[in-house]
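Heads up, the next two complexes both have subunit A, just with different partners, subunit B and then subunit C.
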Partner chain A sequence: MSSITLKSLSKHFGTLRAVDNLDLDVPHGSFTALLGPSGCGKTTTMNMISGLEQPTTGEVYFDERAMSGVETGRRNVGFVFQNYAIFTHMTVAENLGFGLQSQRRRERVSKEEIDRRVKEVAETVGLSSALDRGAARLSVNDLQKVALGRAMIMRPTIFLLDEPFSNLDSAFRAYMRAELKRIQHDVGQTMVYVTHDQVEAMGMADRIAVMDRGELQQYGSPDDLYERPANTFVARFIGSVLNNFLPVRYADGGLAVGEGRVELGDRRAAFESRATASDLTATIRPERVRVVDPGDASATIRAVVTLVEPLGPKDVVHLEHDGTALRVALPPSERPAIGAALGLCFDPDQVHVFDDSTGLAVR
Partner chain B sequence: MARIRLVNVTKRYGSVSAMDDVTLDIADGEFFAILGPPGAGKTTTLRTILGLEKPDAGQVLLDDDDVTAMWPGDRDIAIVFQNLALYPDKTVYGNLAFPLRQRKLPKQEIDERVRRAAKVLKIEPLLDRKPAKLSGGERQRVAIGRAIVRDPRAYLFDEPLSALDALLRLEMRSELKYLQRDLNRTLVYVTHDQVEAMSMADRIAVLRDGAVQQVATPEDVYHRPVNRFVATTIGSPPMNFLPATARLENGSVIVENPSFSVRSLRPVALEEGAPCWIGVRPEDVHVGGDGASIDATVFVTEPLGGETVVDLHLGERVVKAVAPPTVRFAADEAVRIRFDPRRLHIFDAAGDALASAAGEPIFELTGS
Partner chain C sequence: MKKTLRITAIAIYAVVFGFPLYWVTTMAIKPKAEENPPGITLWKPQDPTIKNFKDILGLSKTSDSAFATAKDYSALTPLKNSFLAAGGGTLLALAVGVFAAYGIARFRAGGAQLPFQILQLRMFPPAAVVIPLYFMFIYLKLWNTLPGLILIYGAVTFPFVVWLMRSFFQDVPREISEAAIVDGCTQWGAFFKAVLPQVKGGLAATGLFVFILNWSDYLIVLVMTQDKWTTAPLFLSTLSGGAGGQEYGHQAALAVLLILPPAILGLSIQKYLVRGLTFGAIKR
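Now for the complex of A and B:
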């Protein structure tokens, strides 16, 4: 087991800055996700951790040890990829033991030791009852477990997982998410998990590094990203329902939002100390907007329903306010008619404000 | 305008039934989704409507006309594919105008139609650009625009959003629904993504192995799934299933699980001792609170921001619960849970639904 430290890590391909000046501390035993859209640099970062790519500048450390010049095979990292290459002519047990069996002679372990570790790993990943089964007869779900177990049995210092669930359907993904999180909790292994799916990252990881265009946007816990987004990219990227973005103005200790006002209380200092008076954008999550009668005095603004998306447990109701599209989450029992006016009440604690010139949170 | 009907359509490739006695009746102006996993027969169904596939048996009707033998070009239906094939050397304008120029329409009419489609799709500022200079979402809009300019009787969409990033998919979802409302034309939408089907469609057909499982509104496929396959396909995280055994008592059926029992107040077609399944959606599993009496152990807690998914061990099985966003539990913490009896489902051993509460008080929970 080991921690990972990335110091001023960059990877440039010609003029493309795939990863640019990345600093990241992955603590020993943590489950860290690298999250971002395609092209954000997450896979390149992982490849530099494993040694498959050499950094243009900067350094990767495992614990205190610099990794430059250490080839991939000697870094003791375990890989799990989206495309698990399982030997279909072998049993589950043979697949799990394969890595140990084919080690170099002086590192070879005894047959008894291999058997013992195969059983141990099978127990951890939940394949104990399938050890003698041919891999060709396994479900997609179990194949992914074999891939995981095969990496675990080598007892790597660090686990790297690159979108391992992308091939699974959504029901399996939901199941494997919980399984993997629990396995990591039980073995206490340092895991770095690359994904473009914010639900996977939020659900499993202790810490998430959100990346965009080669740059780190925010590094924090799932709660940090959701409740305290550092910039508009994170505020937009995190969440299963599109966040709400509204143009606002600061005035006298509060925000002017359309016809309404949101009082800032103690937060006013951050606004009064701003050097420039650039435009501001406020966000509030769709499920944190309180919906009231349009005539209700507590309503911050009034908006008109344009569309209802029924998702099952809740509806996403789309509204329009002065040319801005907004969304609120409502129980299906409160479904409004298209064209109806609703009062929207913004609790100041749920409102985040960003500076349009930098995209950064004002706080 | 077009009502689209498939009547007992079967299509085989060798021994595989791509479409197995498929009957669908899609209303004029309806947003109709065809949902299923890869290999369910969704695309074959779409190609059959379009005329690219000839059914081995059955009929395809457009309004009251049997078009089963009609050439695709004469059906006046436009399709938008996942892999949008735009002409890279033509501008957006050129791409939109192309199908009209092929039909040798007058220049002025082409111009009017192109500009109207561009306005609807909000791509007017992009008309002079080449596809390489467009974002993924903009390219998708152009592909849709090329269907719109033709002003067809109906639109077929084949997984049009699946190649886009998650965020863009979210944005395009509502835009497509607005678009269909404005166009006021029948739109058949093929997808493997239940959220897309639920959020956009008036009705959803769920397909499996070439056979239609259920055709219903989003509310009905969610609350009254006809079988375990539909119940698992719709909703995320998927429905929980707990094994149970039926017992008859004074004429009413009680289904028993080692942790709890459900008495049905309505007749359920189960015999004494018959194995069955109790289905409950994650948001209808409540951890703690009044009346929580079933012992469970926390497996993991997944904080998702807007909500928290709590995975629990109930006996040998993992049950997922959706809890408020601030809820956190430690691994292996002992908790008590309860199920909302107005949201339970009972399925027989084969997976067919026998009863769904769907908000009605037809079940009573009893301890075991």
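Now for the complex of A and C:
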């Protein structure tokens, strides 16, 4: 087990800042996801942790030890690549044993030991019956298992996984997610997991680092990110149903939202102390909007249903209010008709407000 | 209808490419009198013989010509020289070109323009450089030597190796070498153990292509060697002249022998070749 600390880590390719001034603490034995859209710098960050790429500035520490100058093969990391990077000219067993073979002279691992560990790992990932098969003929699912096994066999202190499940069919993906979580729980290794799929990150990780354009946007538990997004990027990126964004104005201890009002209570201080009077945007999760009768006095605003998306356990109801598209989640038993008016009630605790000029939350 | 058309097309194709082969193999087994009889066309040998092959391979003790000894027909030395020069040149081109191609494909060595600069070396006909090379090689004392010939064959086919192998290496995901490095390999180890085996089909195809180019060279060896010291294609053209006229039978016999090495090489690496020539077209 090792902790990972990134200190002002940057990687620039010419004028492109792939990763910019990244500070991150990944504790011992934690399962941390690097989450962000493609091109946000998460894979580059992984490559710097593994040593495949050298940072332009900054430093990577494993525990307290600086890693610059330590070559990749000696960092004791296991890496699972997005495209698996299986050696197709070898059998499954040769693939699994490759790392031990190439370190045999240095580490004095006997042939019998390699055989034993190959069998053991094959058992763990479910490849025992395929050991002698050529890797070129494996299914995508089995390739994934080989990739995982090849990383595990080295007993790394740190496990790095770069979008490992993005090419799998959804049933096997769900299975592998659960498997991976089980393995992580059993061996207790530090795992860093790169993904662009926020559902995957939310479901698996203890901690999530959200990145965009090379910069860290927010780092915290899945609940933190969902309940307390630090900026509009996180508010938009996290959540399986797209968040609601509404233009609002601050007035007398409350927010004017369309024709309605949301009282801020104790939070008003943060708004009154703002130096500039730039525009504000409020967000409220579709799952947290309370739907009431349009005539109900508690309704903050009224909106018209434009589309209903049935997703099984819940419906996503699309609405329009004064040119702004909104979404609410409703149980299928309460499915409204298209064109119907609904009253939407915003609980002040569920409303987050962001400053349009900075994108940051007003707190 | 479509099938008939296709078969017709293939038949025409086969005749166009097959006829020269037919001509040269039948000529090789014709006795001297049937080689070029005035006024008639002999489509097949009337009295087949293997004498031409025996002469070429130096197995005959006596000559049927008053102007040449049996030794003059033996192509053993030129054949040996051809093997050494073409084989050595091919190995040299591969040894240098494969590393260059990997450097360019993986590390963008030399910048974006380097591959084109290398290809430019082949954008003019060899005849344009062979005369200056002649003087350079005399100065370097490499003219009319086997190492000189190997060097120049390696140099002229090197651009092809770089271009072909570069595209094969580009088809290998970067992660293949990175995975090997994570597992404790050096860059060299990753290259030899993980990357190179992935492109062995391409390597076989490239090697064969380059070998054929070197094997069939005529112009360079014409300028770069003299006397009896020569390679088989040049020797073939010397099988003529004097009062004996064109030695069609001997030329044809040597030509048949010259077809064999590339053909055998091609067949023996066929299983890699098919993959090499279609590389990139298949899902990996």
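One rule holds for everything that comes next: the second predicted complex is superposed on the first by the 309 of 363 C-alpha atoms of A that agree within 3 Å, B and C clash if a C-alpha of one lies under 4 Å from a C-alpha of the other, contacts with A are read in each partner's own complex, and residues count from 1 in each chain.
Just so it is clear, a contact is a pair of C-beta atoms (placed from the backbone, for glycine too) under 8 Å apart; a residue touches a chain by one contact, two chains touch by 3 or more.
Remember, predicted model here, so these are calculated numbers, not experimental data.
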Practice item. Quick one: classify A:D223 as touching subunit B (first), subunit C (second), both or neither. Key: first
Review point. Is A:V77 contacted by the first partner subunit B, the second partner subunit C, both or neither?
Key: second
Exercise for review: Give one of first, second, both or neither to describe whether A:M204 is in contact with subunit B, with subunit C, with both, or with none.
Suggested key: first
Review point. Touching A:G99 in the superposition: subunit B (first), subunit C (second), both, neither?
Key: second
Exercise for review: Give one of first, second, both or neither to describe whether A:A178 is in contact with subunit B, with subunit C, with both, or with none.
Suggested key: first
Practice item. Scan A:A85 for contacts with subunit B and subunit C and give back first, second, both or neither. Key: second
**Study point:** Contacts of A:S170 with subunit B and subunit C, given as first, second, both or neither
**Key:** first
Check your understanding: After superposition on the shared chain, which partner residues are touched by A:S30: those of subunit B (first), subunit C (second), both, or neither?
Key -> neither
Point to revise | More subunit A residues in contact - subunit B or subunit C | key: B
Exercise for review: Return the residues of subunit A at which the contacts from subunit B and from subunit C coincide.
Suggested key: none
Revision key, fill the gap. Listed in rising order, the residues of subunit C that touch subunit A in the complex are 173, 175-176, 178-186, 189, 193-194, 197-198, 200, 284
Review point. For subunit B, which residues are in contact with subunit A within the complex?
Key: 37, 165-167, 170-171, 173-174, 177-178, 192-195, 198-200, 218-219, 222, 232-238, 281, 283, 299-300, 302-306, 309, 311, 318, 320, 322, 325, 331
Review point. Can you list the subunit A residues touching subunit B in their complex?
Key: 37-38, 169-171, 174-175, 177-178, 181-182, 185, 196-199, 202-204, 222-223, 225-226, 236-242, 285, 287, 306-307, 309-313, 316, 318, 325, 329, 332
Exercise for review: Would you mind writing out the residues of subunit A in touch with subunit C in their complex?
Suggested key: 47, 50, 52, 72-74, 77-79, 81-85, 87-89, 98-99, 102-103, 106, 150, 154
